[in-house]
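What follows is a pair of complexes built around chain A, which joins chain B in one and chain C in the other.
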Partner chain A sequence: MVPVVFGAIVFIYIAMYIIPGDPVQSLVGERPVTEEFRRAIIDRYGLDDPLPTRIAKYVGNLIHFDFGESALSRRQVWDIIKETFPNTARLAVAGTFFLILLGIGSGMISAVRRYSRLDTGVTLATIVLVSTPVFVLGLLLQIFVALKLKDVLGLPITGLDQGLKSYILPGFTLASVSMAYISRLQRTTLLETLESDYVRTARAKGLPERRVIFNHAWRNALIPVVTYLGLDIGTVLGGAILTETVFNINGVGRALAIAISTRDNQVVLGISVFVVVIYLVVNLLVDLLYAVLDPRIRYT
Partner chain B sequence: MDISDDAKTLTYTLRQGGTFHNGEPVNAAAFVRSFTRVAQKKTASEVAYHLSGIKGFDAAQEGTSDTLPGVHQGKDEYELVIELEQPNAEFFVRTGHLVFSPVPQVAVSDPKGFNEKPIGNGPYMLDGAWKHNVSVGVKKFAAYNGKVKGFLDSIKWKIYAEVEQAYLEFQAGTIEATDVPPEQFADAAAKYGAAFIDQASAILNYLLANNKNAPTNNKMVRQALSMAIDREAINKAVFNNQRVAAASIVPPVSRGHRAGACKYCTFNKDEAKRLLAESGVQITGPIELTFNSGAGHEEWIQAVAAQIKQNLGIEAVVKPGSTDFGDYIKSLDGLKGLGRLGWGQDYPTPDNWLYPLFYSTSPDNHSFYVSKEFDALIVKAQQTLDDAQRLALQQQAEDLVLEDMPVLPMFYGKSARVYSSSKVASFPVDIQYANPAWELVSLK
Partner chain C sequence: MPSTRDSGERMPVTGAPPPGSCLLEVEGLGVQFQTPSGIVRAVDGVGFCVYSGRTLAIVGESGSGKTVTVLSLLGLIPRPSGRIVGGRALFREADLLTLRSEEIRSIRGREIAMIFQDPLTALNPVQKVGSQIIEMIRAHERVSRRAARARAIELLRLVGIPSPEQRVYGYPHEFSGGMRQRVMIAMALSLQPSILIADEPSTALDVTVQAQILELLARLQDEFGMGMILITHDLGVVARVAHEILVMYAGRMVERGSPDELFFAPRHPYTWGLLGSVPRLDRRSGERLVSIPGMPPSLLHVPPGCPFHPRCGFRFEGCDRERPDLEWRGEHEDACFLTLEQKEAGERQVLGARGR
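Let's turn to the complex of A and B:
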């Protein structure tokens, strides 16, 4: 994990370094930069050190959880991450809840009731969800569900500060695209398992259909889905940028979006590195989850 | 406030007994502390340039000195003296800018802490923690001894990444006032009537003409180009009337604005053709039109190009410039035609529009306009203590610019706000700074 993180840091740092444009200019907006101000910023952040020195310094500071300072707000990047990440984590949990409930649930229904009207309906819904961009879906939900139906449902338009109901629209929005893929994937894998020999054996020995599906077929059919979920955490974090921006949620995604558009490089770098670490940790957890699902997989 | 006859020394008599929200006195020392902090190199302030002109400012910026000798206490702790390098009878207008506010000691001893918990000296003080990018609140400061004490007990600002979100929240009734996104101006005006307030903002979008390179180095060519553009039509077609067609340099919200000061800003195709013919300039190649990409300027620049083509019969090509503003500005040096730029006012005075954009040695003068007459008028105005005389000189200078047309004024911005008419009794907007005057806002 350490070499991956280090490689990512170097890669992101160099990428930020070679992007054309002037980070000092972005601090003053559409105005000329005075020589004095340029000098002061260069000295404050050591911008004229050679690139390897800057990267070495950055990595050295990271070990002490010093992610540097935002040139724009002059706040510690670690403070920004600390106050925004919990919101993203909560949103991700809400998203995963919808993913599992609606994605896996609808996939199972489709598989068990293959070629029924329900199956067709789910297929249609997944196609619509996959082809609707996250920000469009978010905005539509805000206008037609939160605003037009506010007296009926009382869902907030933005923010996460109104308890559990605040998570419904952003959670659904965040989960939307992956939900559709998961649904399709679950349908296919479950259909495949339902036709395998051991399921036929289970049926032959007279097990009730519910036990055949849940205890025998589903557990195996879940492995590809869990693999996909693990890989998909990247999509979820990417989707968080859009979802958080649309719903004005103070999470790392929105912080990153703001930092990118204001060219607040230190914040972009800090959040990116942090997200890389989170991604790796989640993937590790997913690997461990295999063992729970499939007794044949054992880590030694 | 008193200005010396040579317009180089300003003496402020401060109100006695004023304190910061933490109880520290607001005296001359608080201002000296603040100005020095802004000017010092180690602060690296992007707004320090507003203090330029104060004695010792350059040395403090370069880091060769840690003090700002041009600002000091007068005869007692309630007298503040500002000494300038050059005469400037209007420096006092500048001091309305936020960067001239006094700061308490903690701003110097613990800048990071002060950054998190700002302490001011106005009618409202910070209420609870500032939740970055979420909300910030203020409450009435009981010990405030100024004239306008404010009508609201507390104010909470919710922070949105996009103005559209705030407007949705306003429609749902969760917030009492907000800015309105430009595309909703018409909708909001119809829905909210008198509770919808729109006004021109002190931001001018203009087309810079390169005054060194042909063919825009000829004044009549510039006049002709300006008259060939139908600003109203573009405002309607491209901006849905969300801008104000410009016919002056000094904007409608600024002191000294004169409607229609620019006679070459009126659309007149025949006159434009006549001026171009009379200039004697044969335009052979196409005229370049450029803009900084990615900031929403392409459409109206395209419209300008189409109009120049149609009304003057000159080929005009649109060349999108860099998205990086620094690179874009540099590219204007070699411009052969017109380039989009904008200017927003820092202080409500004509000088803030004329000196930076047109004074021959100003770093913001990208048109390479050089006029000894103009420079002399501006310098003379800066030395003139009498308000009316100074304004007359500034208007003469503006007239000169509007005759030479080094730039083509195009559009002023427009901003709009709505408030809840069922809850809010009065919602005045400060015209000069285009922000609600919060100390005057009151509830029903």
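Let's turn to the complex of A and C:
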């Protein structure tokens, strides 16, 4: 994991470095910059050090949990992360909930009831979800569910400050694209395991159909889905940027989007590195879950 | 569910099938599959009896309808493409083919158990073998998990798995192929079924392990007095363990008789071909095996008349028009229009050179 994090830092740092433009000028906007001010900024951030030195310094500070400070607000980047990440985490949990409930659920239904109207309906819904960009879906939900059905459902249009129900629309929006893929994947894998020899054995044993489907077919069909879920965390985190912006949620995604648009390099860098670490940790957890699901896998 | 079992009346291991004590009586069974290219007549007019303590072997090439026959008895043919189009299968005065799904479920495993061809894929890879046996016991009987586990351990011991107390917690991938097939057998026996269906139980295994598995099956059959249907394409297997042999071709029955009758006086040209293609240890080396010319027919277009006539070296006028049924033709049952003299001559011609 450590080399991956280091590689990611170097990559992001270089990416930030090669963006054209004068970092000092972008700090102050369109106003003219005095020579003393420029000198002070360059000294303060070590802007004229060679690139390897700057990266080494940055990594050295990271080890002490020093993510640097925002050039705009002068706040510690770590403080920004501490403030915004809990919101993103809660949003991600809500999204994962929808992902599992609706994605896996609908996939199972369309596999077990293959070629039924329900299956066709699920297929149509997944096509629509896959082809709708996250921000369009978010806006549509805001207009047609939150606004038009305001008196019926009472779902908030933006923010997360109204308890559980404020997570419904952003959670669904965040999960939408992955949900559709998970649904298709679950359908395919379940259809495959339903045809397998051990499912036939389970039926020949005289087990109730429900048990055949859940304990034998689905248990095995879940393994590839969990693999995909692990890989897909990146998409979900990327989706968080759009979802948080559309629903005006104070999360790391929105903070990152703002930092990028204002060229607040320390914040962009800090949040990116943090997200990389989160991604790796989640992947590790998925790998461990994988071993629980499939006893043939042993980590030594 | 009647609780009486026929295991009390032990049958002698050799001799003709006892008349009138059919455990399972199948008549005129027909199974079709709807496929994009047409209707596949997988099984057509198959009938047989399974007696307790005796083994019926169903022999034929791949695609001759052996497996579909037994799967349809347990309601396991894939739906909705597969369809039972005729016949009946009487078991304890109930027709298995018309039972509701809940009724057939209580018969599966409990009264009629099945062992499949490939033990590598027939066990659930993510469930402990013990759990797979336990869940079967508990699907049919109200027993505690602990009691079911004790029975699972006993069953594993019975089929010859060493240190079953530990192995009961093992996963299928920790067992060899032969051991997995033993687990399958233990599972199939867990409710002391009156009929055991073994679908090519030794085909996927090493030759040395094959013999062990067949011996195990024969011993357990003796012990429990089960009726057994053994599906195989291996005539060597059949010779050792079967009491009655049914030869199938293109979903139809072509010959039926005791092993002695089929091995020493086969009466159907297809059976001659099957026997002629078996290598024998007691013959000189360098001798050529006889093969059956041509390919088995596509079940989408079963030839009219006798389905074997396009490949038959003894066909005559009429073979391609009228279909011979399996019936008593002098010595035992076969489905061929040749006269007894012609058959004897034909058999000598195909097999006689082998000097049995």
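Basically, the second predicted complex is superposed on the first by the 300 of 300 C-alpha atoms of A that agree within 3 Å, B and C clash if a C-alpha of one lies under 4 Å from a C-alpha of the other, contacts with A are read in each partner's own complex, and residues count from 1 in each chain.
As a working rule, contacts are C-beta pairs under 8 Å (C-beta built on N, C-alpha and C of every residue); 3 or more make two chains touch, one makes a residue touch a chain.
On a predicted model such as this, the values are computed, not experimentally measured, just so you know.
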item	value
Chain B versus chain C, judged by how many residues of chain A each one touches	B
Partner chain in contact with A:R74 - chain B first, chain C second, else both or neither	first
Touched partner set for A:G206, first chain B, second chain C, both or neither	second
Touching partner for A:S196 - first (chain B), second (chain C), both, neither	second
Which superposed partner A:A257 touches (first chain B, second chain C, both, neither)	first
Touched partner set for A:R44, first chain B, second chain C, both or neither	first
Touched partner set for A:A146, first chain B, second chain C, both or neither	first
On chain A, the residue positions that both chain B and chain C contact, one per complex	none
Complex contacts: residues of chain A adjacent to chain C	195-198, 200-209, 211, 215-216, 219-220, 223, 293-296
Residue numbers on chain B that touch chain A, as the complex places them	41-46, 48-49, 58, 61-63, 111-112, 115-116, 131-134, 158, 160-162, 165, 168-169, 171-172, 174, 292, 322-327, 329, 341-342, 363-364
Touch list for chain C against partner chain A, complex	74, 76, 78, 101, 105-110, 113-114, 116, 118, 121-128, 135-136, 139-140, 171, 173, 184, 187
Residue ranges of chain A in contact with chain B within the complex	20-22, 24-34, 36-37, 39-41, 43-44, 73-75, 80, 83-84, 142-143, 146-147, 150, 156-159, 245-248, 250, 254-255, 257-258
